[in-house]
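Lettered A, B, C, D and E in written order, each chain numbered from 1.
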Amino acid sequence: MAQEATASLPIATNYLGIGLVVIGAGYGIGKLAASALESMARQPEVAGNIQTAMIIAAALIEGFTFFALLLCWIA
Amino acid sequence: MAQEATASLPIATNYLGIGLVVIGAGYGIGKLAASALESMARQPEVAGNIQTAMIIAAALIEGFTFFALLLCWIA
Amino acid sequence: MAQEATASLPIATNYLGIGLVVIGAGYGIGKLAASALESMARQPEVAGNIQTAMIIAAALIEGFTFFALLLCWIA
Amino acid sequence: MAQEATASLPIATNYLGIGLVVIGAGYGIGKLAASALESMARQPEVAGNIQTAMIIAAALIEGFTFFALLLCWIA
Amino acid sequence: MAQEATASLPIATNYLGIGLVVIGAGYGIGKLAASALESMARQPEVAGNIQTAMIIAAALIEGFTFFALLLCWIA
């Protein structure tokens, strides 16, 4: 009778993992987007080019972020 | 009778996860928006372009933030 | 009789989660608003434009902050 | 009877590992992409060359990130 | 009967090791790639040379990263 009760004793760390994942991804995208926006103001004539590169780099971070969030959910 | 009681013994960490998620997302959007606003003041003639790129980058962070918050709720 | 007593044994972490949520959102909005106010002083003629962008970015942070606070309440 | 219950006693640290992995990868890609975007604004005529090198370096980080996330899942 | 149960009591720290490995490798490759990309913008005529050196240095970090991840898996 006791094993269903004690089966939930360990700390559920997946929520902490979700939080750490968002801290990492938010820092990364925030840092690169900040540089992209400052660069667009410094060289307005290549703003389109910088925006494309910003989306490419942000999509790379976005990719493993969603994969990591899914792993925190299904693992 | 005891297993319903002890089933709630571990620390509920999903609230901590929610907090860490908002710290990450708030840092990211705050950093990129700060750079966007400073850039709009430095080059007012490309303010519309910078605002568009700011919303794109912020929406990327916004996306996985809501997904992470939902995971903290339903997981 | 014992299960109502032990049911409140774990640490109530939702208050900590609420605190972390406000730390993240307060940092984010504080950082971007600080840059906005400095930029409005540097370029007073685009103050209206900067204020609009500041409200957009702050509203993005405001959105998931309220959602996270609600989750800390009802979850 | 007791060993199935106590078998889940240790803290599940793989979620914490997933979070740390994303913090590392997000910091790395965010830092190099920030430098890439600033460099594209400083020398717009080699923007294509810098974008290629940015994707190469980001792909190197992306590679072991997904490998580490898979290890956190299957290990 | 009890020794199979207590055999799984210690915290599984290999996941934390995987996370720390990626933090170290992500920081290293991110930092060197950032310097490489900035250098390519400062001296565009040696961009190919810098890119080759960047890949060599990143591959050195990549090498022990995969070896360390494998050790976290099979150890």
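Simple rule for what comes next: a residue touches a chain if its C-beta (ideal position, glycine included) is under 8 Å from a C-beta of that chain, and two chains touch if they have at least 3 such contacts.
Keep in mind the model is a prediction, meaning the values are calculated, not measured.
Q: Would you kindly tell me how far, in whole Å, the mean C-alpha position of subunit E lies from that of subunit A?
A: That pair's centroid distance is 18 Å.
Q: Distance between subunit B and subunit E based on Cα centroids, please, to the nearest Å.
A: It comes to 26 Å between the two C-alpha centres.
Q: Could you give the separation in Å between the centres of subunit B and subunit D, each centre being the mean of its C-alpha atoms?
A: Measuring from centre to centre gives 18 Å for this pair.
Q: Return the distance between the CA-based centres of subunit C and subunit E, expressed in whole Å.
A: Chain centroid spacing, subunit C to subunit E, equals 33 Å.
Q: Residues of subunit D that touch two or more other chains: which are they?
A: Residues 2, 5-6, 9-21, 23-31, 34-36, 38, 40, 42, 54, 58, 65, 72 of subunit D each touch two or more of the other chains.
Q: Determine the shape of the graph in which chains are vertices and touching pairs are edges (line, ring, star, complete, other).
A: Line.
Q: Considering every pair of chains, which are in touch?
A: Chain-chain contacts present: A-B, A-D, B-C, D-E.
Q: Going by the contact rule set out above, which residues of subunit A touch subunit B in the complex?
A: Checking each residue of subunit A against subunit B gives 1-2, 4-6, 8-31, 33-38, 40-42, 44, 47, 51, 54-55, 58-59, 62, 65-66, 69, 72-73.
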